[in-house]
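Some structures are shown below for you to check.
Common to both upcoming complexes is chain A, partnered first by chain B, then by chain C.
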Partner chain A sequence: MNPNDTNAAAYPIGQHPSLPPPTTERGVLKWLKTNLFNTWYNSIATIIGLYFLYLIIPPTFDWVWGSATWEASSNKDCRAGEGGACWGFIKARFVLFMYGFYEAEALWRPNLAGILLVFLGVPVLVPKIPGTKLFAIFLIFLYPWIALSLLVGPIKIALFSDTTFLILWGILIVALLFYGVRGMQTNDLVKRGFGFGSAYAAVVLLFLNWGLGLPEVETTKFGGLLLTLVLALTSIVVSLPLGILLALGRRAESLPVVMYFCIGVIELFRAVPLITVLFMAINMIPLFLPQGYSFDNVVMALIGLIIFFGAYLAEVVRGGLQAIPKGQVEAAASIGLNYYKSMRLIVLPQALKIVIPGIVNTFIAMTKDTSLVMIIGLFDILMITKSSITDAEWLGLEWEGYAFVGLLFWILCFSMSRYSQWLERRLDTDRRD
Partner chain B sequence: MINRLVGLWYDQNFRRLFLQVLAVLAFAYFGYFIFDNTSTNLERLNIQPGFQFMNEIAGFKPTTDGMNFTGFDVNKSTHKDVFIVGIFNTLLLAIVGIILATILGFVMGILRLSSNLIISFISSAYVEGMRNIPLLLWILIWYFGVILAGPNVRQSINLFDTIFVNKRYLAVPQPIYSDAIIYVCVGLFIALIATIFLKKWAKKRLEREGKDTPVFLASAFMFIFIPYTFLIISGNSITWEFPVLKGFNYINGIQLPANYVAMLMALVFYTGAYIAEVVRAGILSVTSGQIDAARSVGLREAQINRFVIIPQALRVIIPPLTSQYLNLTKNSSLAIAIGYTDLVNVFTGISLMQTGNALEIIMLTMAFYASVSILISIFMNWFNKHVAIVER
Partner chain C sequence: MSEVSVNTEQIKSAIQDREIIQIRGMHKWFGDFHVLKNINLTVKSQERIVICGPSGSGKSTLIRCINRLEEHQKGEIIVDDIELTNDLKKIDLIRQEVGMVFQSFNLFPHLTVLENCTLGPIWVRQTPKLEAEEAAMLYLERVKIPEQATKYPGQLSGGQQQRVAIARSLCMNPKIMLFDEPTSALDPEMIKEVLDVMVELADTGMTMLVVSHEMGFAKTVADRVIFMDEGEIIEQNDPHQFFDNPQHDRTKLFLSQILAH
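Here is the complex of A and B:
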């Protein structure tokens, strides 16, 4: 007899308030019953699964936290400990892991570049913060050159040391700007684009020549997470436009030469492993250049990464382009848009929105695959780890190093994929619910 | 005059032609520029262009003694043989990897859909952990962290006296060539033909009488039974050479080196996670209406799986599965990081260093991977057509 039921007679018939469900049909018990023990085989699976987790999680937690050594000056301090992880190793090598061999007194430069990136990037990525467009313009048109000058220093162009040439260059910039302004007055897109575009390029060259007046840091000193991020961000930023161009080129049936060239590039680079492309970049680009000219290894690795992932992105973007009905292009043509405008205003915004998951997946692959540059001898974070754990002072600490690097990559890639899922939902304008 | 020129510029056909001629010219000039520089550079570096280097004696050992299947001889074999050894080792890794990764991926993909929260949590943790960490790091973890931390040769882990695992290699038995192998092959062939006929007959029977035949079970039985009968009738038996510990090493059998095992584990677990996602997406793509409909016509759970879910899911699964197989094959080239003797390591690495014929070697390597890609694509396209939906 339910205790609540004692005054059942106090209610008229049919007016009795609902009783709470039986204990097995509510709360934790109900949840357990439906989710873990609904059939006999599910119960067995649950028990095996729990035992498996019991085997893995407590020892891992103990290794990571419980019996870990947090302060150490060499692996001897850790051997004396309780047998847990030796995080003192990561602490002692932290600067190396983060910046590689970057000059110790110049570490503020990558730090500043990073802070600037976060400062400009967060408003672009989080739509709630106002001024997205302004920050995006800064991020795309100014930040790359500022970051380049911060990280590498000035990139000297021989001709700029000549004063006469410098004056001519200045006149050129003014002329181009004037041309652009004329184009703006007459609403001539080609004139405007050419004028301002070339003026921008000329000013950038001029800026890079002096940089920010900072001394040069050779790219061979780049390493660790810094190199990984530089490689990943640069190849992401450059290969997306390349991929879009290749995808558009592949569909340009009225220009067979361009179409077959794009098909050739895309299919070739998708058929071979990245490592052979990197080998090609490192071994063949020097052969292709005239004697006395050379790129440094970071630039050659970047060229390889960009072309390789450009081909992958091209296929992703092509998938989006194919999903746009022909009527969209025809409608754009009927209101008088030319090819460039119809692509920029009608087709690409829709196509790119569809393939956001694919694009972000490629970005994640790119971030992970920058680690391959260790095979061609660059000191990215994986190579730094690999060489740190063979250091006599820290011998036998593979798991600490790998766990740290793995966690870094995991955070980077996982947050990217979560962001893309959120973006997908936000841009889903077709949603009817 | 100028007006005519401007008019020409706004003529679509002329503009297209003009742009293309420009592209061809630019491309030709670029090609000439590269060709010219390359030939000057090669002359300067004193490298003979062409494929003559393939016939030179290599003078290094591109594989371990324990798995020298092509009979490589350091004193006689040339760079051509290095190329062949490299291809063989790459394929050995890729094929075994594809088989194991498929099994693991299907199991994990199905487990992730389980209604049991613990099981689906384990599967999701596996997938998210694998996919967000670079393969190269997994390779290093498996090699330096797991395999090299294994037991010494004399303390090998002994699995039924046939397989021995230690930190240096995985020793497995090797079949010895004899007449028995021919009998087994003939038996397998007969079983294959019988299976094809059985399948056709079963299909006819299903259409005519509506009766189901257990084709899979029957053919599995035939594949085991027929070769075995042949062996017994002919009085032969397959002899296996078992690994034996002698002194400080195992002799006989095949010794798969530690870096092969590490590569295999890393590739299988990494690709398995991607395949699990592919499988999950495939199964989820079968709408619940299909399952409701199947229940309403009275199919049992096993029949729903077999006739409704699997055929429809396979259609969605196969194209991305193909690209995962291709990825696994291409990713096997990371073996160079831990020194497994695959094609990129021995040919693009060591042979290139020795001869300096970068162009030819990289072209050959790329040609190999490209042809493997094409072959797998052709096969999977054929298979895809086989399972594709038949529309009116």
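Here is the complex of A and C:
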């Protein structure tokens, strides 16, 4: 029996099988006909569209590739070329674009930090790879401090130069560990958390003071893509948890002080332009500090970015929290889960899944907005480009410079977008198999 | 596990005489609206109670007060010798002993059926994962859907979801089970499969409070039927007396309306 021939095949009543759709509903020609040439005016529109593509694409391709100049030591070489793009400019300035003013002999340090990040990050982002949990623990609890030490070297803490103090510090760590173990034995979560948490913090301080024994590099030397990535990644990683806490706090009606504090932070920082926040961070906060104390500009910019986007993310997350039916919380309560467990195991996993598009949207905005740090004197990738094209040696190369920066940002943001779409599909448990 | 064979009649009657829920002079308001008025109810261990009444009569609110999903404003509720107060720790303790099945199932859609069942034992009772999974499979067999364990709730029918919800509650080994209109959101074909599971559960000696209009279920299973209207308990009696010989006019009216079809 031919299953496509519905006329010939008469099935007994109640035994009609499910059949594939007819062949006229499939194929490339069918697609062209329904989408491009289905009516006379759509056919005309298609032809006009093709003509515009003909006008745009060949010259663009010629500029980018055909008559491009690949080697140049100044803009004179570029003018001598065939009139296409002068990629020699990017090549000659590549190290500056990537690392800013980072010391040339120490470039292995950011490189190693980057390689480590990829090595640890990929298994976490692609959970099919086994051992994800171990990698995640390493990434969250150890990597930040290793990367920090690689990038800036030791962060000297004056007290640690005193040997007696060091010994006391060691005793403190052991005591805290002991306290944590006691908490574990007595199943006391607060004791355990406090003991191990503070011991961890104390060890981290020691580690930062040692800084892998590398020479110091000032953050003023950070620049280019390195600075952009440091700002974007750090603010993404820190502002999401902050946003979640603010969102939960905003809904904590039984704790009015917490609630109003969170509402205050969210509404204040969301209502102020990022530029203002950055200016405040650089110029206002030092006024409140005792004389002689000053914070690093990169750190101040990071704090500004994190709080600003934390407030944005809080509202995104709140949207997700509101979409979770009350019945979910009640069901969680009915099997004895307390507030924290029901948030962590039931509400947040569902709420965050719903708002993945909104979260990634904010992440993308965050990545691009890191460029605003140029107004407080930091040389991110865009500022480096801007200063390079005003260099007398390379005047007149705006197109190449901005095309390159645009491409870099596009790669960063587009990969985030694709990853989030993949994540959404993977977490979609409502599908029916 | 929970199947402890009790031999002597004395122990049996001692368990059955234990007053596991005591509600005295309890009132509840939603804003200005007086939902529950002077509720007095004592439930003995292993007793099976069906609560019925017109919509808005406060029957759901009543059983939701028993595990503190709703707060009462006056009077006292004592569950398993613990009085319900604002003490969060005590509330969590009571909720571990009181299972609840909802009208709209409220399964956790992001977790598989098995994970739905093991979540409570693992995170509340600190049961090791493998042990919790074994126990969960036993309960899933009891509600006759062990083969669905790895599926997500969204892939199941309403009746199957409600049976998972029952298994999820049972996994916590509760002393009391509350059912809030467990079959109201189901197609007629699926009502029976859920009621069958509930009848079997009643046979194991579980203390059950069921808000339901399934009169057949009430007749075969209940020790007592309670009729509520406008926030008050109007009448309570054993099922035969209740259905054959209702005392109060409002009960008679209600019964004539639901039995008319």
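The working rule: the second predicted complex is superposed on the first by the 400 of 433 C-alpha atoms of A that agree within 3 Å, B and C clash if a C-alpha of one lies under 4 Å from a C-alpha of the other, contacts with A are read in each partner's own complex, and residues count from 1 in each chain.
FYI, a residue touches a chain if its C-beta (ideal position, glycine included) is under 8 Å from a C-beta of that chain, and two chains touch if they have at least 3 such contacts.
Since we're looking at a predicted model, the values are computed, not measured.
S.K.: Once chain A of both complexes is superposed, is A:Ile346 in touch with chain B (first), chain C (second), both, or neither?
M.R.: The answer is second: A:Ile346 touches chain C but not chain B.
S.K.: Return first, second, both or neither, reflecting whether A:Tyr402 touches chain B, chain C, both chains, or no partner chain.
M.R.: First partner only, chain B.
S.K.: Of the partners chain B and chain C, which touch A:Leu337 in the superposed model: first, second, both, neither?
M.R.: So A:Leu337 only meets chain C here.
S.K.: Now for A:Ser67: first (chain B), second (chain C), both, or neither, which partner does it touch?
M.R.: Neither: A:Ser67 stays clear of chain B and chain C.
S.K.: A:Gln185 in the overlay: touching chain B, chain C, both, or neither? Say first, second, both or neither.
M.R.: neither
S.K.: Could you let me know whether more residues of chain A are touched by chain B or by chain C?
M.R.: It is B that touches the greater number of chain A residues.
S.K.: Which of the two partners, first being chain B and second being chain C, lies in contact with A:Gln328: first, second, both, or neither?
M.R.: second
S.K.: Per the contact definition, I'd like the list of chain A residues that touch chain B in the complex.
M.R.: Touch residues, chain A against chain B: 35-36, 38, 42, 45-46, 49-50, 52-53, 254-258, 261, 268, 270-276, 279-280, 283-284, 286-291, 364, 368-369, 371-372, 374-375, 382, 386, 389, 398-399, 402, 405-406, 409-410, 412-414, 417.
S.K.: Under the touch definition given earlier, write down the residues of chain B that touch chain A in their complex.
M.R.: By the definition above, chain B touches chain A via 16, 19-20, 23-24, 27, 33-34, 37-38, 40-42, 44, 114-119, 121-122, 128-129, 131-137, 140-141, 144-145, 330-331, 333-334, 336-337, 344, 348, 352, 358-359, 362, 365-366, 369-370, 373-374.
S.K.: Using the touch definition up top, name the residues of chain A that touch chain C in the complex.
M.R.: Checking each residue of chain A against chain C gives 187, 325, 327-328, 330-338, 341, 345-346, 349-350, 353, 427, 429-433.
S.K.: Quick check: in the complex, which residue numbers of chain C touch chain A?
M.R.: Listed in rising order, the residues of chain C that touch chain A are 67, 69, 88, 92-93, 95-96, 98-100, 102, 104, 106-111, 119-120, 123-124, 126, 151-152, 154-155, 165, 168-169, 172.
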